[in-house]
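Next up, some structures in structure tokens.
Next, two complexes with chain A in common: one pairs it with chain B, the other with chain C.
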Partner chain A sequence: MSAQYLFNGIVTGGILALPAVAFSLLWKLLRFPNFAVSAYLTVGAFAALTANRGLGWPLASAWLGALAVTALVAWLVDRVTFRPMRARRPFSLAIASIGVTFVLENVIRFVWGNDFRAYDVPVTRAMTWAGLRIGREQLDILGVAVALMLLAQIFLTRTRLGIAMRATADNPPLATVKGVPTERVIGLATLGGGALAGGAGVFLGLDTSIDPLLGAGLIISVFAAAILGGIGSAPGALAGALIVGIVEEVGTLVIPPTYKSAIGFFIILVVLLVRPTGLAGART
Partner chain B sequence: MTALLEIEDLHAGYGDHEILRGVGLRVDEGEIVTIIGPNGAGKSTLLKTLAGLIRPTAGSISFRGRTLAGARPDAVIRLGLCYVPQEANVFGALSVEENLAMGGWVASGAREARVREVLELFPALAGRRRQRAGSLSGGERQMLALGMALMVEPALLLLDEPSAGLAPALQRLIFDRVREINARGIGIVLVEQNARESLRLCRRGYVLAMGRTQAEGPGTALLEDADIRRLYLGG
Partner chain C sequence: MTGYLVAIATLVGIRALLALGLNVQWGFTGLVNLGVVAFFGVGAYTAGLLAVAGVALPAAWAAAIVASALAGALLATVALRLREDYLAIVTLGFGEVLRLFLLNEAWLTRGANGITGIPRPLRSWFPAHYDLFYLGLVLGCVALIYLALERLRRSPFGRALRAIREDETVATVAGKNIVRFKVQAFVIGAAVAGLAGILFGHYLAYIEPNMFVPQETLFVWLALILGGSGNNRGAILGAVVLLGLLEGSRFAKDVIPFLTGVRLAAAQQMLVGLLLVVLMIKRPEGLLPERAP
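On to the complex of A and B.
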């Protein structure tokens, strides 16, 4: 029984890891917590819904379409809202990102309405293995999430552009002095972050249901995972996401599911009190 | 001698706050030039303006015969003018190797050969290629910062207090390396708090105070000048 919760927690953590990595890296790079990542999740979910239900695409293609659409939305938001504010204080940018979230959420609500929706996917039967009920979709989600995390890590550590992204996050003035095109790097990170969040939004819609508050329900967990992992660390955010996912699922054994979202808040509180730099932290 | 860098009546600052109020300076091909002066004289501001981080409000900068005033930092480094800031001059979260790669961002080709050259000049870094720069000692970090600058095969290095905060033995080592780099034909503008040592090192020196060039001359002459000794070298 509790092993089932553990497994569900790992799947939740896998979904959570994608926006958590995006949120964490963008935070370090742009020096503010971009809460609009929650809206990017919702944008991704609805983009795939439109492709899947409206255009009749299979979900795999719809998922790829959602990556592209969300990446583009994130890039446009950055251009229109955050770029002109680059020199402002982080607090102003964080507030602006909350404003962006309201706008995107309400555009979605205006177009698609408030109903709970679901993708048109063939019904599959869950497998049973060692007493665990494992959904086919859960396995797909986990596999793709792991693959995306690996790709992100390879990009950040093995490619010149990925190293430039880490350099820009670490020390923007020095990156500028060395001739690194920091605005292009930020643009690319925004595209990548948007894609990761959008892809996760589709997974979330597949795992639960789709409504305009889909991302808003997850942002505290994303925030908790990023802080737990240490801002700016991709492996940290992945570890943080898995821990948050597992604690949230297993936690429902002990506390009523109604209070599930409080677990994220609790984790944030504990991390900030005990180890403010997070798991990968200790570097300032 | 042809002038590598020529600055005339340069004015620059932050917002309404003018810090440079008419700086003139000249660096010849392959020359070491030292700039000394009290805190707040505008030494660092001058280097930042040359690097393209601050836009000058008036005056001219010419480098290798091209106008540089107002050029962006990436254009400046592409021309072979490379600025090494005093603080935070390495990427702490990146490895030594990654730092060198970023140092040579605008350089094209033969990167591996240049990395080898840099590691020959600074053998202390050779065994630490995969180590995070943030975990290096102060001296090693300074060597890495110089090494990063060499990755673009610069014509002129702008060094902001490369010996600051280092033990005397390490300061000597850094000055030795600066001499060695200069011996390869690379011009150097050195801003130093260690004024005596750096004036001995340079061919010519400038005294900067209140945003203006107050004196210039051969380093040894500046060292012996009674007024300069009294005002800027502590007697």
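On to the complex of A and C.
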């Protein structure tokens, strides 16, 4: 019985990991918490909904479409909003990102309304294995999330651009002096971060349901995962996401499920009190 | 029509108080509070619940202000220990968790039904023009807080806050305890938001959890940035202009046919978000820029 909660927690953690890594790396790179990641999740979910329900695409192609659309939206937001503000106090950018979140969320609400929606996917029977009920979608989500995390890690540690990205995050003036094209690196990170968040939004819509507050409902958990992992650490954010996901699911055994989204908030408070640099302990 | 104007002016006054409180935090000190609505809610609920339980109003109000200030002190102390941007996240989370609490702990907060019959102060003294009296009360509070915060702005304390906002290293070298000043500034702002909540609850005589949603926080931010952060008069002016904007856009429904209730609300929030972004990029100093005291 409780193994079922653990499994569900790992799936939730897999979904959380994608925006958590994006949020954490963008925070380190751009030096402000980008709240618009919340809206990117929702944009991804609705982009896939449009392709899936509107154009009749199967969900796999709709998911790829959502990656592209969300990456593009994130890049446009960065270009129009954050780029002109790069030299300003980081908090000004954080405020602007809240404004962006409301704009995107309400464009979606204006078009689709507040109803809960679902993707058009064939109904499959859940498998039973060692007493666990495992949905086909849950396996797909977990597999793709693991693959994406591996890709991100390989990109960050093995490619020139990935290493340049980490260098820029660590020390922007030094990276610039050494010839790293800062704006290109930021542009690429934004595209990648947007794609990760958008893909996770589709997963979340598949796992639960789709409405304009989809991203807003998850964002505290995303923050908790990133802070728990240590800002700027991709493996940290992944570990943080798994822990937050598992604690949230298993926690419903002890506390009323209505408080599920409060768990992330309390994890943040505990981390700030006990180990404010997070698991990875990166200098901040 | 007069009734409508009086009601609007009362709500402008309450939002002006919220903007004044946020101005101490963001305008003076550079602290990001994304949970303005939560401190507003703590004030409204504490005062409302105590008043309905029969506690004398002055005592209920004092308790409500203390509760808001305490919530601010706790959050700021935890969040500001390491780095400042955690404050933004913690306050945003607090807003969400408070709303869950208000909705689910019906034994204390009466849940989604809300609190009805919150007494209106000195109702029997003004049988005829009570709403005018209440408007006077709200505007009196705005004037009082404005004067107090103007004094604070010109005081050595206010100067220290600005120094911290501009350059923490320099302020540290000058011997200032940065974290303590920040927590104090945050608590003052939270207490002012609590006062606004008290006035809000007793004005409507009814409060429920969905009055305290994140977009209220966004509105207060827009009011402050629009009016001019760092400038107390700007905070008040911003609240006036914002309400004009929101009320004005309500009439768009009569002109544009396909604008349903949901769409109108969405369009309003879209406009507010967009305006905030454009101001942050193009005119961060607002209508009335900050002036040296």
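Miscellaneous remarks
Criterion: the second predicted complex is superposed on the first by the 281 of 284 C-alpha atoms of A that agree within 3 Å, B and C clash if a C-alpha of one lies under 4 Å from a C-alpha of the other, contacts with A are read in each partner's own complex, and residues count from 1 in each chain.
By definition in this document, a contact is a pair of C-beta atoms (placed from the backbone, for glycine too) under 8 Å apart; a residue touches a chain by one contact, two chains touch by 3 or more.
Nothing here was measured: the structure is a model prediction, and the numbers come from that model.
In the superposed model, more residues of chain A are touched by C than by the other of chain B and chain C. Of the two partner chains placed by the overlay, only chain C lies in contact with A:90; chain B stays clear of it. In the superposition on chain A, A:124 contacts neither chain B nor chain C. In the superposed pair of complexes, A:114 makes contact with chain C only, with no contact to chain B. By the touch criterion given at the top, residues 27, 32-33, 35, 81, 84-85, 88-92, 94-96, 98-103, 105-107, 109-110, 113-114, 216, 220, 223, 227, 256, 258-259, 261-262, 264-265, 268-269, 272-273, 276-277, 284 of chain A touch chain C in their complex. Across the interface of their complex, chain B is touched by residues 160, 163-164, 166-167, 169-171, 173-181, 232, 283 of chain A.
Against chain A, the residues of chain C that register as touching in their complex are 26, 30, 32, 34, 78-79, 81-86, 88-90, 92-94, 96-97, 100-101, 103-104, 214-215, 218, 221, 225, 262-263, 265-267, 269-270, 272-277, 280-281, 284.
Within the complex formed with chain A, the residues of chain B that make contact are 51, 53, 73-74, 77-78, 83, 85, 88-94, 98, 101-103, 105-106, 134, 148.
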